[in-house]
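Listed after this line are the structures, all set down as structure tokens.
In what comes next, chain A is part of two complexes: it sits with chain B in the first one and with chain C in the second one.
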Partner chain A sequence: MSGDRAVVGQNLRKVDGVKLVTGRPAFTDDIHLPGMLIGKILPSPHAHARIKRIDTGKARALPGVHAVLTYKDVPRVPHTTAGQAWPEPSPYDTYLLDNKVRFVGDRVAAVAAETRAIAEKALRLIEVEYEVLPAVLEIEQAMASGVAVIHDEPDSTKIFDREHNIAGYILREIGNVEEGFRASDLIFEREFRTGRQQHCPLEPHVAIAWLDADQRLVIRTSTQVPYHARRQVAMILQIPVSRVHVIKPRIGGGFGGKQEMLLEDITGALALATKRPVKIEFTREEEFYMARSRHPQILRMKMGVKRDGTIVASQLTVLATTGAYGSHSTTVQGNTGSKVLPLYRAEHMRFECHVVYTNTPVAGAFRGYGCPQGFFAQETLVDEIAEELGRDPVEFRRQNMIRLGDIDKLSAQLGEGKEGLPRHIRSCGLPECLDRAAAAVDWDGKRNAAGGPAHLKRGVGMAATMQGSGIAGVDWASAFLKMNEDGSFFLQVGAADVGAGADTVLAQIAAETLGVSLDKVVITSGDTDITPFDVGAYASSTTIISGGAVRKAAEKVRAHVLDMAAKMLDAPVDKLECGDNQVYTICECRKAVSMAELAMHAMYKEKTQIMDGASHFNTDSPPPFCVTFAEVEVDTETGKVRVLHLVTAVDPGTAINPMQAEGQVEGAVAQGLGYALIEELLLDGQGRPRNASFLDYKIFSAKDMPRLTTILVETDEPLGPFGAKSISEVPINGPAPAIANAIYHAVGIRLRKLPIRPEDVLRELREKLPTL
Partner chain B sequence: MRGTSGVLIMKTMQLRLTVNGETRQWTIAPGDLLLDVLRREGCYGVKRGCEKGECGACTVLLDGKPINSCLMFAAQAEGCDILTIEGLAVGDVLDPLQEAFLDHGAVQCGYCTPGMILNAKALLARNPHPSEAEVRETMAGNYCRCTGYLKPVEAVLAAAGRAPAPARSGRKAVKR
Partner chain C sequence: MFDLVEAFHRPSSIREALRLLHAGGRRARIVAGGTDVVVRADPEIRSLVDITRLGLTYIKRSGGAWAIGATTTMAQIEHSAALRALAGGILVEAAKGCGSVQLRNMATLGGNLANASPAADTAAPLLVLDAQVVVAGERSRRTLALADFFLKPGETALGKALLVEILIPAPPRGARTAWSFQKLGRTESDISVVNAAAGLQVDGKGVCKWCRIALGAVAPVPLRARAAEALVTGRKLDGSLVEQAAAEAAREASPITDIRATAEYRREMCRVLVKRALAECAARAGCSL
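Coming up: the complex of A and B.
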């Protein structure tokens, strides 16, 4: 769809690429401030306990210690750490520091000291007497009567049913599923379970806070949500928003884990207490259990179909745990229904979900945001139904899937913690995604092929998925542009590039609109003192929402440029065009003025700064579509599953930078592959993490990766800038169900629990074939 | 160690080494990690990812060999020649690996990039034309959570003069 565009649709280098490949100081921790102290958090050793007595005397007395904070020293302000638009739909159930701890790793106290060694020693000198409480570790026990109440504090709010540890509850229905099941010829119902995956950004969470010369609190932090973090920190520390300055430098990966106000509040509190710069940086171990993870779920999926293959009714019932705090609890789980069920056009749909507290690490936003769980259930069940009906899984999906012109009504019922807005399908590349991905994996050939050595069985499987592009009616962004003497433009956006390439894509949108080359756009992003508001990097919103704001701002500035050129060239505006870093007439006279000449004229003759800004939001969230095909080899002697080939075809609307878009797909696929086969944060019987290191919690390395094929099926989305939708999340949903379905094709067993471990495969194989 | 006044006393020592072609003499504590000393002295391209030698983000070349600087005491680098990412480009002229990483979209967040490029640099020095399998084997020590490794592997092969797989989008990367 790039057409004759000079910048949009081109594989341009990342605008921040050179500083990254040369290792220049660009990340949060790449500065050193004179007098900077090191902060450390004392993590709870108990899953559930009340602090009966805490004595910080010895720690405070240790030379080099500048502050020790406990719940006695800080304001008690119930809040959520979820970096969401105000008013956040997540419960206000979290405190800067509290007299109760609710998971192993919960904050007990915080220290700031001259060195890390002194800070760590100070932690050991804090004397804490705990009243250990019964812990609720199992998701299925959480709602039972008589179990411990995790949030018994009186001042938390927005908890659905604290007595039964229910953080949130969702029930939505379209049509009447019971009627739908009665009208069905066949009904299928299965239970699925998913694990606790951790984001594993290569850069663990880090924040540095200090008071500037005006005594304003500056927080340089690895965040996806600078503006939300500013608002939340101001509320928690009880200082005006105007006294807080949040800076988002380059970020070493977020994937949702940094859509949290996680270290900013406590680092800020220590800086205020010591009047010194303070840095808190999670170790890798801390990142695993003190940061966030993906919500584990137990899903019951039920579908009713006619013999002709029509899906009549579809029902998903979910029990999920948010861990000890309700960060993103109802919103992640809401997505499990609203983004998953409408992929198929069942007349009757029902989604019910309980999100429960447990004394386990806190779940939060994670790429896919509830969809990987839901699609694992739905796409595995749909494969089983197709098999039962004797239908090809691709053709069965093609018959039932959502299509151009459809309206997804479930989204109207299920918004961001409230009623949402209906989704109109204005662009849909799903059919082409199916065709091209099937061809790339040789679906028809491999589906019917048998063979391989006796103990190595090969199979192919697939899954179809979708996501959103921003949160309809909630996400919004703004952008500001001003022109410089040399004909370049400064672009200021609140959007938060966390490594996915937002700065490049947004600069491309501005450059294309203004008719200048990419080097003429200098972007600054994610600084609350300098850039205008943006909700931040989440919900696949940046390209479509922030990009929409950039497009609008650039169109306004383009109009100012044309007005100026009209004066200079003595030509009517409607006969002028921007391109090649100049403004030129499109009539016979062929006059032109360069952007640089125009800028000098505007500034020094007309005394005018060419500048403008714009805000943008959408009332709809156009879904990007994706299909994933997997070819696997199952070793029937060991249960080991080797993925040979993963083909992903995605409809992202227009790919503003196709090379970057492919990179988003490949990265998401690698994470989805880990989720499918190996990644799970495990807890012992006391709620302590068992594998909080890369040695024990493996992620895929270059050597482990299967062959990847990425196919971009571009469409033209009317609501997106230059037709763009989104791409970063949707490809993570497919690998797990596609692999599970390929395993079935290879050896005839259904795996319904993630991750799919060799021991599970072997056990299922032995149940199916006891002679093995 | 604690002195009579209760103040922590750190023994210090002098470390002499070459970093990015320049001779350096630094005052360090015997227990300082090479990672920490390099960062303290301004080599911020050496990244902290795990401090356990599991992720490769802190990779530097020590006498031409890739090592995890989090697994080595700075004192052990006495007399050694260290190359960090800051020393790879010659002035403003990027190393072919750096160019290839940019052209192939192999950089996303960029946090693992210095370690990956340095590891690849050492690989190409001993094996100028590695196979894809050899590249993947070598880079197994550099975790990346953003790219799925496809584009970094392509970039290394391209820098080695091996024709990379054609860009699937059919549009070649262009410099800005």
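Coming up: the complex of A and C.
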């Protein structure tokens, strides 16, 4: 597909790569401002308590302390920390500081001091008297009558049913599932459970705030959502948006955890209070339990099928917890239904979900955004159904899966916190993904050769998944381009490259459109004073939505360039073409002008700045498709599951930069592998974290990675720039169900709880084979 | 992390190191690779005594015996061709599995032992090798068996003395001598959930003449499974004996439940790993089970 393209589709190096690998000061924490103070937050030691008395006198008196803030010192503005487009669909149930704490780690007070040691000492000097309240820790308890009400404050809004701790509720149905089950020959129903995974970004949350010479509040922060953060901070601190300047430098990974206004408000409040620069950086421990995590869910999945293999009805009923605050509560859970069920063309579909508050760490956006949970349930159940029908899992899926030309009606009912838009499938590489991935793992050979010698049993399993590309009708972005004297272009985008390579991809789209090489595009991104608006880096939206804006802006600028060239070359515009850093005629006369000459002419002869901008949104969210095949080896004596080979085939539309796209797949697979087998933040009986460190919360490293095969199956998506959809999220969904299915193939046990720990495998094995 | 630390000392002699350690009292801490001290970041610490310049980084061989300096790193052990030849390379294997490359470049053998974690990876193979530790006090040196060195989690018989050397007496040799190290972790560079080491020697008829079995992460200290050893010694090695010995070793363990595993799982894995270690030894010694 990239045959006649010079920049798009090429494996070009990341535009920010050199400064990253050479350790240039590019990240939030790489600057040190004169007089900068260190901020620290006093975390609640209780899962649920009211602050009866708080005395900051001793802390304030400590030399080197410049401010101590409690709920008494700051405006009380209900808000959500979810970095979503206004009006956010998440409940407004959070306060800068409150007189009630709702999880271990909730904000009690904040301090700014000369050094971290002084700040920490000051925290210890704050005297707090708590009225400890009964805590709701178990997800199944939350809605019961008589349990503590977590959000009993009267001023929070958009909570579905505060008396029963229900942050949000979703019920959507197409067709009539009861009728569908009656019409089915076989009905399958199973319960699944998923764990609380943490993002574990290399760079924890960090923000530095200061007042500039004009007394405007500047916040340099590790965020995926600079524009949302600006709007939210202005609202919470009650200052005009025009008095806030948010800068997103290079980011060391977000994975959704930074689609959140998490430190910007409190750092800003401390800067306003002290008139000094203030930095707050989470320690790794704080990052684990004071930042965000993936929503744990209990899923009940029911499917009805005909004997011929047709899936007639599918129903998913979910109980999820959002933790103490409702950040991304209904939207993540909405995805669990809307992006999962429509993968198969059941006539009848029903999705119901309660999202409950508990006194546990707050869940939020996390790569996959509700899909890893849903696909774990669906793809494991579908494997079981195929087995029961005596069908090959690949062929069974092929019979039922969504295809080109289909319209997904569930999406129409389940939008971002409101009615959505129907999803039309205009590109679909699923069949080819299945073919190529099955071949790569030797599916037919290995399916018939399960087992192995002694205690090591091998098996293969697979899963099919999809995602979206931006939120239909909600996500939008803009871009601005201007030409310089040397024929280069400055590209300004609000898009937030968080390490995934957005700057490179967007610059490639501009360069391709303008007919210049990539080095002729200099990109600036994610600075609210300099770049135009963008919702930010989430929902797999940047390539398709921000890229769409760049494409439009570049087309406009290209038209200006051609107009200028037409004058200079005395040729009609329709006989001109851009390419190789010049404009040339496509008629016999073979005339050309370089971009540099053209720029000098425009600026100093015509006195015209060649520049333009554009905004872009889509009313549809084309799904990228993905299949994951896993080969595993199960140690039947230890219960350890070793993944030998993971094959991922993805249809991302056009891969603007295939090398980066593959990197995104491999990163998602590594995180999906951890979700499947080891990653889970655990709490004790008081709601305190038990494993808030990398000693106790393990993630897989290079040494643990199985052999990876990554296959890009490119399609041409009409709604995307140069045919692109998205890639960064979808591959995280497959590893857990593919591995669970491979374990079944190897040893005949079904694991329905994540992560799949050796002890659980061993227990299931013993139940199946008591002699073992 | 160490905001309250007032002094970082770099002595060049054992005597000076000991003097600084004593002067610092209970607020002084020895540091070598720092992979435990830095991670723990004990706020009580006011002075750190770096012992990496005392000349204690070496691997020496005299006859069949070995002496390893306390500050020899895991990486140096891992890459020592000579140590690979010692006891089927079980010490090398254990060092190799100790954290990541970066950690192994810093972490020291002495630190791994003096930290007294029941899960210390090198402890089990060293117990199997009847290793001794050389401890330097202000006035004298003494040598004690590694088995007597560990008292409880985080506590050793060291007192205010300095662990300077690990001695490995000449182990049994020959074609009918074999060794094995087994480790179960959550990831490839994880601390052990359970580990086990074994060494044995059989005669021409397959009768076990000498046996050592050691366990890690299943008791307050790294442990010799003496009852299991006694069961094997003097008897002909076969599958049933291996099973019995593994079960006996599991009985000798007194594991706890923690974030990494339950006590029941650890005890069971103790059995599995000892069985695998003995089976591997048997195979290497040419016995068919």
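Everything that follows uses one rule, which is that the second predicted complex is superposed on the first by the 770 of 772 C-alpha atoms of A that agree within 3 Å, B and C clash if a C-alpha of one lies under 4 Å from a C-alpha of the other, contacts with A are read in each partner's own complex, and residues count from 1 in each chain.
Here is the rule we use: a contact is a pair of C-beta atoms (placed from the backbone, for glycine too) under 8 Å apart; a residue touches a chain by one contact, two chains touch by 3 or more.
Because the structure is predicted, anything quoted here is derived from the model rather than measured.
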{"item": "Chain B versus chain C as contact partner of A:Leu202, first or second or both or neither", "value": "first"}
{"item": "First, second, both or neither for A:Ile678, with chain B first and chain C second", "value": "second"}
{"item": "Partner chain(s) touched by A:Leu762 [first = chain B, second = chain C, both, neither]", "value": "second"}
{"item": "Touching partner for A:Glu606 - first (chain B), second (chain C), both, neither", "value": "neither"}
{"item": "Which superposed partner A:Pro25 touches (first chain B, second chain C, both, neither)", "value": "first"}
{"item": "Which superposed partner A:Ser701 touches (first chain B, second chain C, both, neither)", "value": "both"}
{"item": "First, second, both or neither for A:Glu637, with chain B first and chain C second", "value": "second"}
{"item": "Touching partner for A:Glu395 - first (chain B), second (chain C), both, neither", "value": "neither"}
{"item": "Common ground on chain A, meaning residues reached by chain C in one complex and by chain B in the other", "value": "695, 699-701, 703-704"}
{"item": "Residues on chain B engaged by chain A in the complex (per definition of touch)", "value": "6-8, 40, 42-52, 54-55, 57, 84-86, 88-89, 94, 98, 101-105, 107-114, 117, 135-137, 139-153, 167-169, 171-176"}
{"item": "Contact set on chain A toward chain B in their complex", "value": "2, 9-18, 20-27, 29-30, 32, 63-64, 118, 199-204, 250-253, 255, 281, 283-284, 498-501, 517-519, 655, 658-660, 662-663, 665-671, 693-695, 699-705, 708-712"}
{"item": "Residues of chain C touching chain A in the complex", "value": "3-4, 39, 100, 184, 186-191, 259-262, 265, 268-269, 272"}
{"item": "Footprint of chain C on chain A - complex, ascending", "value": "115-117, 120, 637-638, 640, 678, 682, 690-691, 695-696, 698-701, 703-704, 758-759, 762"}
